[in-house]
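The same subunit A turns up in both complexes below, where it pairs with subunit B and then with subunit C.
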Partner chain A sequence: MYLLGNAAIYLGLAMAVYSLVILMAGIKTKQQRLVNSGKGGVLAVFICTAVAAAVLLYLLGTSQFVYEYVNNYTSSELPMGYKLAALWAGNSGSLLLWTFFLTMYTAMIAYSRKMKGNPMVPYISAILLVNTIFFYIVLGFVAQPFTMLDYVPAEGRGLNPMLQNPGMIVHPVTLYLGYVGLAVPFAFAMAALILKNMDDFWIKMTRRWTIIAWLFLTLGNILGGQWAYVELGWGGYWAWDPVENASFMPWLTATAFLHSVMIQERKNMLKVWNISLIILSYALTLFGTFLVRSGVLTSVHAFADSNLGMYFLIFMGIAVVGALYVLMSRYHLLKRSAGEFTSFVSKESSFLINNLLLVGSAFAVFWGTIFPLVSEAVRGTKVTVGIPFFNTVQAPILLGMMFVMAVCPLLAWQRSSAKNLKKNFLLPSILSLAGMTLMVTLGIQKAWAVIGYGVIIFLFITHYFEFYRGVKARRKMTKERIPTALYKLMTKNRRRYGGYIVHIGIAFIAMGIIGSQNYDVETMKTLKPGESVDIEDYRITYERLDQRSEGINDIVYADLTVFKNGERLGVFQPEKIFYGNWDQPSSEVALQTSIAEDLYMVLSTWEENGTATFIIKINPMISWLWIGSVMVVIGSLFAIWNGRYQNITPKYTGVMKEVA
Partner chain B sequence: MKRKLAFCFLLLLFGLQSFLLQTHATETNNENDYKSPEFKAVASQFMCTCGCGQDHYACDMAGCANTDAFKADLISMMKKGMDKDEIREYYVGMLGEEILTAPEKKGFSLTAWVLPFAAIGGAGTGIFLLLRRWVSGRGKESTPEEVLAIEDEVEEEILSSIIDEERKKYL
Partner chain C sequence: MKKNTLVMIGGFAIAGAILLLLLAATPASSGVELKLKELVENGEKYRENYITVEGLLIEESIKWNADEILLEFEVQDEEGNRLRVSHQGVRPDNFSEGVIAILQGFIQEDGTFEAETVKTRCPSKYEGEDMENYDPEFHKDKLDKSPEEGTD
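After this line comes the complex of A and B, so read on.
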């Protein structure tokens, strides 16, 4: 297995180098034979990576502790699912997974039916192969996954218990798919620039791949938040940790691209800006990896004992400089076809503001993340930049973004007249103001909550109008029934209405965030068995404390009977788990979820005499966050799904085909 | 006699009330409220250094060795009448700015707070100027008819998609 694993890695590296060289030779000499050989090489590289990943999975699954990686991240009593999930628990394994996805995407593009005969394919493959070679060099010479120990340990060190959660099986995978996915639009952009061609096809394909990467990034972030919420016992879901920020920044810039590309599509403008956003998103994924694997910033997520960050920083530097060089060399061509705006108040302008806020938000996250380093370099004083900073700085920016999101759908392309504005916005404005007044009357008086919910009401109404107007217009012409008209309206313009579903999902998420951030209630109480604690409408009675063993782990748990307004909801068991192979215990939260709020119960400490201390939280509207997340996923899938009515991506008709 | 009884009853009542108040006060003294809004305002300013990545308000004591003592210190300072700013200054003086969960809003650290908004403001001004350049000259050319046509964009899109569909059926 040692030989097979290492052979797969070094052969993969050799094949990647060969494919890159032969593809470049094919492009240069215009010989399809060489390009075909390069494409075969791409497939071979993918097979090599798949073999290496399969070998590591086999070693992890069969607990072969003589391998350093297996020894460091697993133990024999670990359930099989977590043994295999240890593939992404450490540095080298996670990089192997990254390489696997990268080579998978490369092979998908090289052999895509839609891309058949497209002269961009050899360029895209070559650019992605450069990435692959970098990862293979790291896997082959810096973070080797198949290093063997001099002895055979009887038992492994085990997996960090925090990672032993179903959410952690899926969260890193989706995040990596998103991270790696952003390399694809980058490769498309570079290929288009090199070929001096940025037509409709380029836009459609790039946008599609960006949505895929964006969807996975979104899923990764949401699942990470959900894991933090149930596993860390802190009651929150987003801590603005450097690593979380690292995945949020490309998400913001990719979102900006998905909007601004519409202006390019419609008006043939902002080409340089769009390419810049793609380069930026890609660079931010590498920057994030640098943060996680360099140890320059303190993070609970960071990989221990890692010096890999510098390699990523250097690679990022090379990639960005190279990309900017290509961009500058084609600048005159991109600039030549620039169109014009006709009004300050138009959909185009709102997209520009949306881009300003999204990129501004990304910059604020970036600045906050690196500020400890800046402060240390400038003053020699370390500072911590944590939740209060990011919440304070991001709240107005993100609220502004929600407002633009609410206004944009009803603005017309090119120019919105005063009549148009009045017709579209009078009713939503009145209803939002009425809603805000009602909230204040009902006792919701925190400024952020009132303004935030007011904007969200506005958003719901404008989006409802979009659907209403569409259905009405369709029915006027086709006399269809409302459900049929709605269905056909949406399926005929998947991107538009998928986008609206995403917007509504984001509004739901925002409602959850505003509610849980502003109206959470928390108490901490030490109770004797039989005693109760009251918090809002709940009475929680502490029944008993007990202990049980599961494998090598000891679990201390408390039975809590929960009543709401006198009605018994059941017995809940918050736990504290002491791991046989890990120093730190972890909290297993007991959760009573409803659409209105979560009752969040944590067993904190206890005494010999049976008294125990509990942290009880009421987190309002958390479920809205998860419902919104599901809607975001549904909307994204709806937008990229190739339905029966969907326009088929146009066949490539761009620059003259030489090799493909 | 009735008066004496009433007086005794009142005395008993006051006594009981004092006792209850005393007991309540003692209870409050014995059990520190680590989840009160006042304590949250103070403790959430400070970063726990045990590696949990949370502030001292959020850090759960069982998993962390040093937050227990830190919280007790905070409570004793609060009892001495120190407000959250005084407590912050005390710790920053002793342990440096790194102990805070967010940079201070003065000196060089102020740039952390200001720069994002300055950047957005600068870029926003740039966009406005760019828009003005793009719009100037073009805006005057558009006729009211053009504007009206654009307003019914949704109808146009739907109509064109229906025409497309019909065309595909018959051609």
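After this line comes the complex of A and C, so read on.
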């Protein structure tokens, strides 16, 4: 197994180098034979990676503790799911997973039916192979997954209990798929530039890939937040931790790209900007990895200190310099035939504002993340940048984003006339003002909440209008029934209506954020058995404290009876788990979820006489976050689903078709 | 081209606004990270600052008042500088001798540190630790590194 695993890695490295060389030779000498061989190589590299990953999974699954990695992250009593999930618990394993996804994507593109005969394929494969080679070098020489110990430990060290949560199984995988996915649009953009291929074909393909990467990145972030919410016991879902920021920044720039690329499609503008966004998103994924693996910034997510981060920083430097060089050398081509703005009040300019806000937000996050480093280097004092910083900066930006999203659907391309504006905006404005007045009279008086919800009401109305008018126009022509008309309308314009569903999902998420940030209530109380604590409409009675064991773990739990407005909701059990092979206990939160709010109960500590201290929180509208997230996923899947879209993808007939 | 230019100017205005927002928010919401020694000796200087500091917990100094939910304890560094801490909150898990306590809060006039958050850090991160091999000195050389999240 040792041999097989290592052989797969070194063979993978060799194959990747071979494929890269042969592809470049094929491109240079215009020999299809060489290019085909390179494509075969891409597949071989993928198979090597798959074998290496399978071997590691096998070793983890069968608990062979003589392997350092297995010993460090698993123990024999761990459930099988977590044993296998330990593949991405540590440095080398997670890099192997990363490489696996990267080579999978490369193979998918090299053998894609849609890309068949496209001269960009060898270039894209070559660029992705450079990435693969980098990862293989790291796997082969820096973070080797198959290192053996010189003795056989009887038992492994176990997986950090905080990682023993269903979140562990999906959150890292989705995040990696998103991270790696952003390498694909980067490769597309570079290939297009190198080929001097300025048509919009690559954009259509790139968009799909970007949406896929974006979707996974979104999912990864949301699942991470959900995991933190149920596992860490502090009642929040996002802490502006450096590593969270590292995955949030490329999300923001990728979102910006997805929007601004539409302007390029329609008006042939912003080409340089779009390519810069792609390069930036890709660079930020590498930068994020640098942050996580280097230990320069400390966070919950940090892997054990290693010099790995430096490699990523160097690789990022090379990639960015290379990309900028390509961009500059093709600058004159991009500049040619660019369109112009014809009005300030148009979809184009609203997209531009949306872009500036997203990139500005990404920059603000970047600033907050690296400010401690900058300050230490410049002034010598170590500074901490806390959650309040990010919240004060991001809140107005989010509000601006919501506003642009609310207004945008009703603006026309090119220009909107004053009459048009009045017709479109009068009703939504009146309704959201009415909504805001209603909120104030009902007692919601915090400025952020009122303005935020007002803008969101506006957004809902404008989006409703889009659906309503589309259906109405369609029915005029076809006389279909309303559901049929709606269905046909949406499936004929998947991108557009998928996008709207995503917007509505984001609005739900924003409502959840505003509600939970402004109206959360927390109390701490030490209770004797039989005593109660009142918090808003809830009465929580502490019944008893008890203990049970599960496997090698001991669990202390409290029975809490919860009443809401006098009505009994049931018995809840917040727990504290003491692990047989881990010295730090962890809290298991008890949650009572409803559409309006979550009741969040944590058992903190207890005394010998049976009194126990509880932290009780009310987090309003948390479920809206999860509902919104589901809508975002549905919307993006809807937008990229293979429908008619596939048929309108033009077969490639462009410049210099020599090898493909 | 004129409209393009104007749109550009509008764009710069937004970018400038975000930059201003950043500049305004940075000093107000960032704090300083100090060595325990520096804080004990020059506490006066940092009265206004939100301070992050860490030290080794002295177990016998822990006073935990469950009814008021008030935690008082002392931390020290390897040179023996001591800092008194009070924290209106619960005792973190794993709060025992020699663990590194990471404190965030303000220094009071009497030299007590009013901690808003108390976190503990263990020698290991994601890796498990064989407790038999546990080296008490291990914490000490970790002291100079910056804080990280443990469990609250």
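Basically, the second predicted complex is superposed on the first by the 655 of 660 C-alpha atoms of A that agree within 3 Å, B and C clash if a C-alpha of one lies under 4 Å from a C-alpha of the other, contacts with A are read in each partner's own complex, and residues count from 1 in each chain.
We adopt the following convention: a contact is a pair of C-beta atoms (placed from the backbone, for glycine too) under 8 Å apart; a residue touches a chain by one contact, two chains touch by 3 or more.
What you are looking at is a predicted structure, and each value in this text was computed from that prediction instead of being measured.
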Fit or clash - subunit C, subunit B, common subunit A: clash
First, second, both or neither for A:Pro585, with subunit B first and subunit C second: both
First (subunit B), second (subunit C), both or neither touched by A:Trp234: both
First, second, both or neither for A:Ser549, with subunit B first and subunit C second: neither
Subunit B versus subunit C as contact partner of A:Ala364, first or second or both or neither: both
Which of subunit B and subunit C A:Ser417 touches, first, second, both or neither: first
Touched partner set for A:Met477, first subunit B, second subunit C, both or neither: first
Which superposed partner A:Thr29 touches (first subunit B, second subunit C, both, neither): neither
Touched partner set for A:Thr147, first subunit B, second subunit C, both or neither: neither
Partner chain in contact with A:Glu607 - subunit B first, subunit C second, else both or neither: second
Footprint overlap on subunit A, comparing subunit B with subunit C: 233-234, 241, 298-300, 340-344, 349, 352-353, 356-357, 360, 363-364, 367-368, 371, 381-386, 388-389, 392-393, 397, 524, 526, 576, 584-587, 604-605, 613, 615
Interfacial residue positions of subunit A with respect to subunit C in the complex: 72-73, 75, 89-90, 156-160, 162-163, 232-234, 241, 298-300, 302-304, 340-344, 349, 352-353, 356-357, 360-361, 363-364, 367-368, 371-372, 381-386, 388-389, 392-393, 396-397, 524-526, 576, 581-587, 604-605, 607, 611, 613, 615
Residues of subunit A defined as touching subunit B within the complex: 233-236, 239, 241, 298-300, 340-344, 349, 352-353, 356-357, 359-360, 363-364, 367-368, 371, 375, 378-379, 381-389, 392-393, 397, 412-415, 417, 419-420, 466, 469-470, 473-474, 476-478, 489, 492-493, 522-524, 526, 576, 584-587, 602, 604-605, 613, 615, 645
Complex contact set, residues of subunit C against subunit A: 1, 3-4, 6-7, 10-11, 14-15, 18, 21-22, 25-26, 28-34, 50, 52, 64, 66-67, 69, 89-91, 93-94, 104, 122, 125-131, 145-152
Subunit B residues within the subunit A interface of the complex: 31, 33-35, 40, 44-45, 47, 51-55, 58, 60-63, 96-103, 108-109, 112-113, 115-117, 119-120, 123-124, 127, 131-132, 134-135, 138-139, 141-142, 146-148, 150-151, 153-155, 157-159, 161-162, 165
